[in-house]
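The same chain A turns up in both complexes below, where it pairs with chain B and then with chain C.
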Partner chain A sequence: MSVGVLDAIWLTIKLASITTLFLLLLGTPLAWWLSRRRTNFSAFVESIVALPLILPPTVLGFYLLIMLAPQTAVGKFWQELTGSQLAFSFSALVVGSVIYSLPFVVQPLQGAFSRIPHGLLQAAATLGAPPLDQFRSVVLPMCKRSFITAASLGFAHTVGEFGVVLMIGGNIPGETQVVSIAIYDQVESLQFANAHRLAAGLVIFSAALLFLLYRSNRQSFWRLPE
Partner chain B sequence: MRIVTLLLLLLSSSLLCAEVVHIASATNFKATVEKINALFEAQSTHKTTLSSASTGILFSQIRYGAPFDVFFAADKISPLKLAEEGHGAAGEPFCYALGTLVLMGSQKAEDDLNNPALSLAIANPNTAPYGKAAMEILRRPEFAAAVGRKLVRANNAIQAYQHWYSATVDLALVPLSLAAGKGAAISPSWYTPLEQHVILLKKGEGNPAVIAYMRWIRSEQVQTLIGEAGYGSCQ
Partner chain C sequence: MSGLSLQLSTPAENGFSLDIDCQLPAVGVTAIYGPSGSGKTSLLNCIAGLKPAGDNSLIRFKGTTWQSSSEFMPAWERRIGFVFQDARLFPHLSVAQNLEFALKRRGNNNETSFTEVVEWLQLGKLIARLPESLSAGQTQRVAIGRALLSGPQMLLMDEPLANLDHVAREECLFYLRRLRNALDLPIMYVSHDIEEVSQIADHLVLLENGHIEAQGSLLELCSALDTRLSHEEQAAAIVLGTIQSHDAQYGLSEITVAGETLFVNQIEAAIGQQQRLRIPARDVSLCKTRPQDSSILNIVPVEVSEIEETGGSRLLLRLALGEQYLLARITRKSAHALQLTEGDKLFAQIKSAALLSNSLAETTL
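Here is the complex of A and B:
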């Protein structure tokens, strides 16, 4: 394998890992809030979170590109904060991926959180557990499976991203050229053998991840009927 | 601890080779840039990276702040406009190659371009200069009979070639540099000359690797290489 291909694989793993971390940090409180509220405003937020499922990546990519450009407020702020430019950088890919994969993390978590009986948390509170402890001792163990599902889907979906990354990343080797873009690049250069290798690798990786996920969900389902 | 050391190593390795030239190239010139870069890396300590897309796409990416040092366009207007808007470094954009179109899948362009039964692929005229030149040819009065033909617009010049290569279309108007000796010649009088210009961008200003690279692409050796790849010389 050439250096370029290894670069692309490493970049993809790095992007998916960092994105998943941010998704869990952001998605967990958001999903919790959504699962506890039934107002017009929460329904509005819920629909915004779900938008990337419906919208073509070009729409998101287009708006992100306009938003992150160096001459915009966000772009300028980032430049002053870090000293480097946001658009067409790895950081821009993380921002785009977090938004793009958000529903894949929020939705399983929200579903799991809303199935937790209110009484359980009240009982924990009566026993003197502060909110963070309630979350750690009650919510986390009960929703472990959903956390694994959410993290896996967030990771896999980020690996499988193309349109957004192409638009805000711009196909720069070693910086923004992830595996999906590298495949596109190789098909364009008529290097079909290389493209085949990467594409097949991606199919096997994705299928294996989903298989492991569904298998573990099924097993625990039979062991712990709800 | 071991992971931290590994991460530090990875970070430092990317810092050590900081003298990198980031190049953006129109797709028609990609294969040639790869050769130019390989020779450049072999005779200096500098590294290069290469991104390719159609001239129009790279043009708008640069306007939105894409971090390229050097941009090989397939036309004259895009680099000039970038320079005018202040994206260029000191020094005017200059012509590095003269592009030529050929008709793939044909023996005689005059006949096949006038045959509405043959499907044809061209690069997107809105973003690719070679597509724009192809449209100029198709709009000529002598090819009016074929106006209703199936016309496939590819993203860029290489994709137009690919459509012909994979036999999804009968004909393709592509750069001579992609044709590998095949295809029918097109009269240069049928379209505006494709004076391909290169621009040194602001991002590359003062970078010794970029300065060395700009000197390198003006060298005799590179000029010969560009000629061998199927381009005419400027002027």
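Here is the complex of A and C:
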């Protein structure tokens, strides 16, 4: 395998890992809030979060590109903060990936949170647990599987994205050229053997991840390991 | 003030609101009794801080303000133990871990130790199990243990026995009575079952449609004529008696109430022990002279202290037996035939008297 291909694989893993981290940090409170509120505003937020599921990635990528351009407020702020341009950078990929994969993290978490009976949290409160403690010691362990599902889906979906990355990241080897882009690149330059290896690798990785996920989810929701 | 003072007015919710202004004792068992929908659970939730009472509400417990117009102490700071009707054990934690959950968060209030609670409630064999594998009765016992281990200043119990079958219920009542006697812990006990209440309560609060109809000691309130309680079909007076002797030949136990002797089905209880007797109003009949040839065993002299015309064919009498009171429900026709008036000295024939709090004698465990 050429250095470029290895770079692409490493970049993909790095992007997916960082994105997953941000997804959990952002998605958890968001999913919690959505699971406890039933207002028009929360329904609006919910639909915005779900938007990447149906929009073509190019649409999302296009607007992100415009938003992150150097002359916009976000772009300028980033430039002042880091001294480098945001668009066509690895950071832009992270921003795009987080938005693009958000529903894959928020939806399983929201579903799990809304299945936690409110009465259990009341019980925890009467036993002296403040809200954060209730979340940490009741909600988190009861939703452990959903967190694994959410993180895995977020990770896998980031690995599999193409359109958004192409729009806002371009195709800079070592900076924004992830595996999916690299495959496209290899095919364009008729390097079919390389394209084959990468494509097969992605298929095997994704299938294995989903298999593990579905197998573990078949076990009971909150059974302790014996 | 040393007790629990409550001034609650909750915002109306589906036409229902709590409107309460009272002072409750912070000793013994206070039963909150009322039909479903009378606001019993809402009242407990307000006391616990699980549901904010209205803006002008005031809740003070033993000199500490839990809620006022300017303050609201959250539930997790009130140090109350709450036993819910549906137990609410944490399903992902074992029995031991559920108990430890309470233990870890109670701070320095270590009056009750883990081992003590496990022993009192006989949780030893359950300790490693998950809640889903417990029976309803076991589940509720663990819930009681967990509440006790949180180092509470007060225990709130919301119909803790409602989901249990008869056997589990009696068993749980046994443990509750034992705890009541062993611990110096005020308990607020919500129930819609007067027999359950009669067994463990010291103080009684009658709740009706969001407000307090009456409150007082259990013995007094059960025989008061001006409450809904004495007008229920199963209305009964509760009296205190002392076990005198057991008569194995006839299978009876002799109990004295205000110097008078009553016989009940033989029970396993030590001589000299105090027992509560429940005497239904419909099982008490009256005679002007002491019947000499009646098959009814329990005949005691009483004085009519109050008569209430309830309308309809029957009326209700409150009868003094020494310092204690019985209720009798007789037909208006008989009352007129006997020309009953207040102050009359009569003989009450008691057809049945049920002993409370002895369904599970301590010796059988």
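As a convention for this text, the second predicted complex is superposed on the first by the 219 of 226 C-alpha atoms of A that agree within 3 Å, B and C clash if a C-alpha of one lies under 4 Å from a C-alpha of the other, contacts with A are read in each partner's own complex, and residues count from 1 in each chain.
Definition applied: a contact is a pair of C-beta atoms (placed from the backbone, for glycine too) under 8 Å apart; a residue touches a chain by one contact, two chains touch by 3 or more.
None of the values given here were measured: they were computed from a predicted structure.
In the overlay built on the shared chain, the residue A:P29 is in contact with neither chain B nor chain C. When both complexes are overlaid on chain A, the residue A:G119 reaches chain C alone and has no touch with chain B. In the superposed model, A:A69 makes contact with chain B only, not with chain C.
In the three-chain superposition model, chain A touches chain B and chain C at no common residue.
By the touch criterion stated above, chain C contacts chain A in their complex at residues 48-50, 74-82, 84, 86, 88, 90-92, 94, 101-102, 105-107, 130, 146-147, 150, 156. Residues of chain A that touch chain B in their complex: 65, 69-71, 75, 85, 87-89, 170-175, 177, 185, 187-190. Here chain A touches chain C in the complex through residues 117, 119-120, 122-130, 133, 137-138, 141-142, 222-224, going by the rule given at the top. Only residues 14, 22, 27, 30-31, 49-53, 61, 64-67, 156, 158-159, 162, 165 of chain B touch chain A when the two sit together in their complex.
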